[in-house]
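Take a look at this one; I'll ask things after.
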Amino acid sequence: MQNAPVVDIKPYVDQMIADRRHLHKRPEIGWCEFETMAYVVERLEKLGIFSLEMGRDIINVESALGRDEEAVKAAEERALQHGVSQAFLDKLHGYTGVIATWDSGRPGKTLAVRFDMDALPVMESDSDDHEPTREGFASERPGRMHACGHDGHTSVGLAVAHWVKDHQDELCGKIKILFQPAEEGVRGAAAVAASGKLDDADMFLASHVGTEAREGEVKVLRNGFLATTKFDIYFEGRSAHAGSEPEKGRSALSAACACVLAMQGIPRHGEGDSRIAIGTMVAGEGRNVVPAHAKIEMEVRGATTEVNKFMADEACRLVEGISAGYGVKPTIVKTGDAAVYECDDECVDILLDSAKCVDGLKTVVEYSTTKGSEDASMLAKRVRDCGGKAGFFIFGCNHKGHHRADFDIQDKKSLPVGLAVMVGAIARVLKK
Amino acid sequence: MQNAPVVDIKPYVDQMIADRRHLHKRPEIGWCEFETMAYVVERLEKLGIFSLEMGRDIINVESALGRDEEAVKAAEERALQHGVSQAFLDKLHGYTGVIATWDSGRPGKTLAVRFDMDALPVMESDSDDHEPTREGFASERPGRMHACGHDGHTSVGLAVAHWVKDHQDELCGKIKILFQPAEEGVRGAAAVAASGKLDDADMFLASHVGTEAREGEVKVLRNGFLATTKFDIYFEGRSAHAGSEPEKGRSALSAACACVLAMQGIPRHGEGDSRIAIGTMVAGEGRNVVPAHAKIEMEVRGATTEVNKFMADEACRLVEGISAGYGVKPTIVKTGDAAVYECDDECVDILLDSAKCVDGLKTVVEYSTTKGSEDASMLAKRVRDCGGKAGFFIFGCNHKGHHRADFDIQDKKSLPVGLAVMVGAIARVLKK
Amino acid sequence: MQNAPVVDIKPYVDQMIADRRHLHKRPEIGWCEFETMAYVVERLEKLGIFSLEMGRDIINVESALGRDEEAVKAAEERALQHGVSQAFLDKLHGYTGVIATWDSGRPGKTLAVRFDMDALPVMESDSDDHEPTREGFASERPGRMHACGHDGHTSVGLAVAHWVKDHQDELCGKIKILFQPAEEGVRGAAAVAASGKLDDADMFLASHVGTEAREGEVKVLRNGFLATTKFDIYFEGRSAHAGSEPEKGRSALSAACACVLAMQGIPRHGEGDSRIAIGTMVAGEGRNVVPAHAKIEMEVRGATTEVNKFMADEACRLVEGISAGYGVKPTIVKTGDAAVYECDDECVDILLDSAKCVDGLKTVVEYSTTKGSEDASMLAKRVRDCGGKAGFFIFGCNHKGHHRADFDIQDKKSLPVGLAVMVGAIARVLKK
Amino acid sequence: MQNAPVVDIKPYVDQMIADRRHLHKRPEIGWCEFETMAYVVERLEKLGIFSLEMGRDIINVESALGRDEEAVKAAEERALQHGVSQAFLDKLHGYTGVIATWDSGRPGKTLAVRFDMDALPVMESDSDDHEPTREGFASERPGRMHACGHDGHTSVGLAVAHWVKDHQDELCGKIKILFQPAEEGVRGAAAVAASGKLDDADMFLASHVGTEAREGEVKVLRNGFLATTKFDIYFEGRSAHAGSEPEKGRSALSAACACVLAMQGIPRHGEGDSRIAIGTMVAGEGRNVVPAHAKIEMEVRGATTEVNKFMADEACRLVEGISAGYGVKPTIVKTGDAAVYECDDECVDILLDSAKCVDGLKTVVEYSTTKGSEDASMLAKRVRDCGGKAGFFIFGCNHKGHHRADFDIQDKKSLPVGLAVMVGAIARVLKK
């Protein structure tokens, strides 16, 4: 790859760090990112070159997984109290997420890049060992925390937008910058994908901070993550006094237990690794009452999208059949969905090339992984199904573990790397 | 009850004992009583007063439970070799059982009495302590034995027929003497009941030797036995190599195991005692093959016919649903069915009165029981559903336990009592 | 029974109704009856003839089932705020219950009578159809209600004490009046029984309002209630990420589910009715985490104390074994225990005789029942094991169902009957 | 690798084919190869250069898996009738297998090579499409067949011995030729390994005909097969009448069913693929008897020996614990055991080099596989644990599937290739 563009991201770093720390103080969980949205949209509008589509306009409502209407209402309420305007909320129709599109007017590729915005229900560490606490930008909301670095992702996205504005004369084609809701629980991407808003993308790129990369490392994905589907399953039986007329009851708890044992016994798959996890169960109303209600939270995974589908299909069939056997009515709600992330050679090459031009990195390698899941895979799959290509990379930080109270990304060291690799890739794809 | 008829059964005892010993040597299991039938029918025909209906004419084929066509064919073959004519077998169309009807021509009640004919797959004791062995009338067929006294019942039935002939001038109304197949496993009565051949009976009486009565005792049933239903359940899954492509299999064994645990968990019933027994399972083809076939033999019981029905219905729904969950096809075959035996006051009184007139008895009492099952209950229920009345009694012997290799009834002591009580009851019901 | 004493309970009725209504406004759940205790003890002390033993002095701490230390602490705190003195609480050492003993000094029987004091976690109806609401003595504590009539029982107990004082010259022997904590959940009686404080009783009597008796009815128990044992079972497994290293986890949820199915499959018992109810399960920490904790609330019952013991023993063995199989540590906590209530002829006769002397009753009968459980059975069993005799009766009211928001006892009609029967019985047992 | 020895196997082919066809007519299943042993030993003795150790001398009896004493006795009996001498059988002490050792007396490596001898319980095809049938050397024993090519392996082993004799002057070091019993069900190798007889080997080589190689192909293993352990599990409960006293029984069937469901739910392993198969269950004595006995046949597999061990350990712990829960006594019998076959570079290189020198092969490649299991892995593991190295190859034939009635190896085409590769490897390892 000759004439690799030289990109200078220094002008964007201070603002990016400031953005990240602003967002870190105001974490919002998935589907509830209203203040984050207001912050992002205000910044994008100020740049003046992007056309914005947002809220329900970029969400296929039927594919919006794991969205709790009550939590959304409460989040809107709180956003109002924190200065977000009713007019802005009205534009969203209850849904978060925004796509900022800039069209150079010149022929070229359409490139989509994606950044996620949501936080987690984690109580942030108040130890002085923890940078956000020590430096005064820890979460202001007890029990909510950016414990997976999406605050950093959003800040990188804003810096990318800024860079695009400053370099518009050097670029051709079109760029779509997606700020996605509800990545945690792999809930949000499916709904954006189903909206069709990225179907015209020739290429799709995304990234994550941390995970399997340490400080000074960039790893470009070849093939990765386990495909996964999450389900909440509700069982509705019939109550009865367990002492005097047990025969009149239909135990939702019993049906749920039988389903648990049966689902865990779904056969291994000859074509690749699989997982099934029944994470929680809550069932019953009282010691001496036949339990009329039970709920389980579960997930399946697969080394391929097909293996994952096999697991999900088997689980659903078992639940339907066994519940019928117990005379209990099951309701299966899909609350999350992610595919295997399959990358194209072209994207891998571009990202490797871009990363190799970043100063000070110790390691730039290709990698494959079967750890964890990432719902950008749903967008990558959609783009590839429409004929486009997809890529993904991770940029390192010396974190202590994601989703923990003491998770931190050392933003000044990590975010510039993420920005540089992404901007370098954009420059390569959209250079005139 | 005044003017109770005096009955003299002495003239019939020697022949009855000889009959019992003849039959004891030639035991035939349920639905296979072809030689027994030939013996019974020949004797009934000789009496010259009965009109006979037999074989498929008194059997509702769809209600013939637990009948093994191959075993029946083999039994027919063996009967031919032992001198039963092809012409006789042709009359039966593969089904055993006969109803001998005598109509006095005089107005009166229609009384049905029932005697069962089948033996068990038990190897008879060859100890000299065992009367049949010592006196030379033990089973000639290894692995087959009259180990529940039905040989005695049949002999009493023949003696009853003889007595009726000798006393026809003293009787009015009509009598129907049923020699029933396949009581063991409660398989035969349902088919005779469903034939409708006893629907015109005003009264139905039956009896059993032994069980809870010892020598010198007659006990008249008030209410008794557990209702029960027997099922064979076949599961058909799909075979696959368990190592290379386990996901392609559907384990019939797994489905069967899940059904077993679920069925044993059917709730207790507030209205009375219940039982569930999964007695046997045979499943699978090889260690490393997903099992395509499984079979279980099971039964449910209930203190009332309703409780038994609840158990059977729950079991079937669980099997259907759970199998569907496992993607396995179940086939549920009912192989036995018995109701609770509910007796009417009138019958209880007649039987008690009859028994009290028998010389030499130590004890004549009413009793109720929840031990065991008896398919005469299906005939009693049918007669009662049609407006008739039903009764039952047991007459004692000092047996060592039914269905055992050393079961014996001490025929000379026990059978005359059974005959006397039954004939006394007939005399009371049909006296002019 | 000649010379049956005539008892006049009219002088005690007004105070009894007032007491009941006072207590009804201040319901306290089991083991938390501190205000109730203060009220009862003050009244008993005023009577001046009883020696009182209370709190930990009459409770075998190890047998105090289902007692929540935190709830007790909160209740003490609230009692202090409502005027109960610290000195009084100090006497109790955290335990409720009082035995008031009066010794006539004359030879005679020792009679123990028992009244329970606890309320339920039920929100009382605010409908004007509900007498306590209409007449202004409904619960002042949202979510707490005397919805089983124990407020009435306590009031009857106080009236009994008063009557004893007024009639001390006519009585011989000794009386012990027990005000028992925590009957709901059959938690408190076992601890009083194990204290040995009633071991010297020659006779033990108890009673209940409502249940199977309507207004105008008194039913004297012959034999009754199902024996029952309640368990909370905690499972402790080992957490692990369900996606990346599921093999390192030990699922408490899976172990709990397997235990549920196995326990429900405990065989029926040939000697009598049994029950098993798994009422609730709460398990797991998150969807994709191997569940480290699970808890179930359950109970077993039996038509005899032996059948109940069989059920409890089987359940515990299954839980221990299956948990070991899953590598999970179970902790089984007994939270309630009641026996079958077996009554002696002498007590039945005395209570029937006493009731027949009460004016205005429509029905006075003996009865047996297998509905519900009553932990006075534990005291009755203890007294009988020590050579004494036991009796029990119910006195009616037209309630709409126990443990309901609209449960009411129409105190002016029901309580005088309860008092009259009890006082009549005392008079018969202790008359000079 | 310079100066690769040129080997000429032509002189041995005719006898090898004749041997294979002789053995094919007289198939013997595992642990029963007495006639095969007599044939092999006679031939080895005639060669005159080998010292032989055989029968119990090379078998660690405690590690002899899946050996049925009754079947062995019957096989000895049959061998006697077919001309095997009692003296020969006496030398074996009931165990099959022989190691033929030749020591050159010159310094050099000790090389062990292994050939298996057992057949399968398969009925051979009588179709003329099937070469053994068409050419008259099909199995003379209905229900027994060399359906996996071990007859060919044994013949190659004899030809190798012959070649060694003819080339002794050109060789140094020592060779141990093992004819192993009971490879099917991975039963025999563990016992030979545990005997320690190959502990001195510097290198261990084995091979198989067919499987994933077609005619003209040789594939040299890098890493392969799933580790596997086979278990038969016996459950002993307690019998009772299921109707009258179900509480006295301990259902072995129920325990087995609970174990099946639990074992199928053993978690997936994060370090690699696993399998569990419950292939068969036979349980119970009669429909209305609490089942006192149950047996299941099962196996686990793992992508690594550690994963397999995890599966086996979990399965055993579940069975022990759950059975204890049910009050049932389990007996777990290991009937087969195989590790993952890990090959050393040196062996891979030697085998590839040898194969590349064989005329007429289309394909010579390295391969890895996770299909099937091969108990030579247990010998390879033992040798490697003792410091030696191991290799394995497959040589092709156009078979229709192993373990089938129509399995055939086209001996004239396949066996010379197997012989040539093995002899070439021996020449390379032991050349002076």
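In order of appearance the chains are A, B, C and D, and numbering begins at 1 in each one.
Throughout what follows, a contact is a pair of C-beta atoms (placed from the backbone, for glycine too) under 8 Å apart; a residue touches a chain by one contact, two chains touch by 3 or more.
Since the model is a prediction, treat every value here as computed from it, not as a measurement.
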item	value
Reference subunit C; chain at largest CA-centroid distance	D
Contact-richer chain pair (by C-beta pairs counted) among A-D and A-C	A-C
For subunit C paired with subunit D, centre-to-centre distance based on mean C-alpha positions, whole Å	69
Centroid spacing, where centroids are CA-atom means, of subunit A and subunit D in whole angstrom	51
CA centroid of subunit A to CA centroid of subunit C, Å	54
Numbers and ranges of subunit C residues touching at least 2 other chains	244, 246, 251, 254, 258, 261-262, 264-265, 267-268, 275, 290
Contact footprint of subunit B on subunit C as seen in their complex	261-262, 264-265, 267-268, 273-276
For the subunit A and subunit B complex, residues of the former touching the latter	244-249, 251, 254, 258, 261-262, 265, 267-271, 290, 310, 317-327
Residues on subunit A engaged by subunit C in the complex (per definition of touch)	185, 226, 228, 230, 242-244, 246, 251, 253-254, 256-258, 260-261, 264, 275, 277-291, 294, 297-299, 301, 371-373
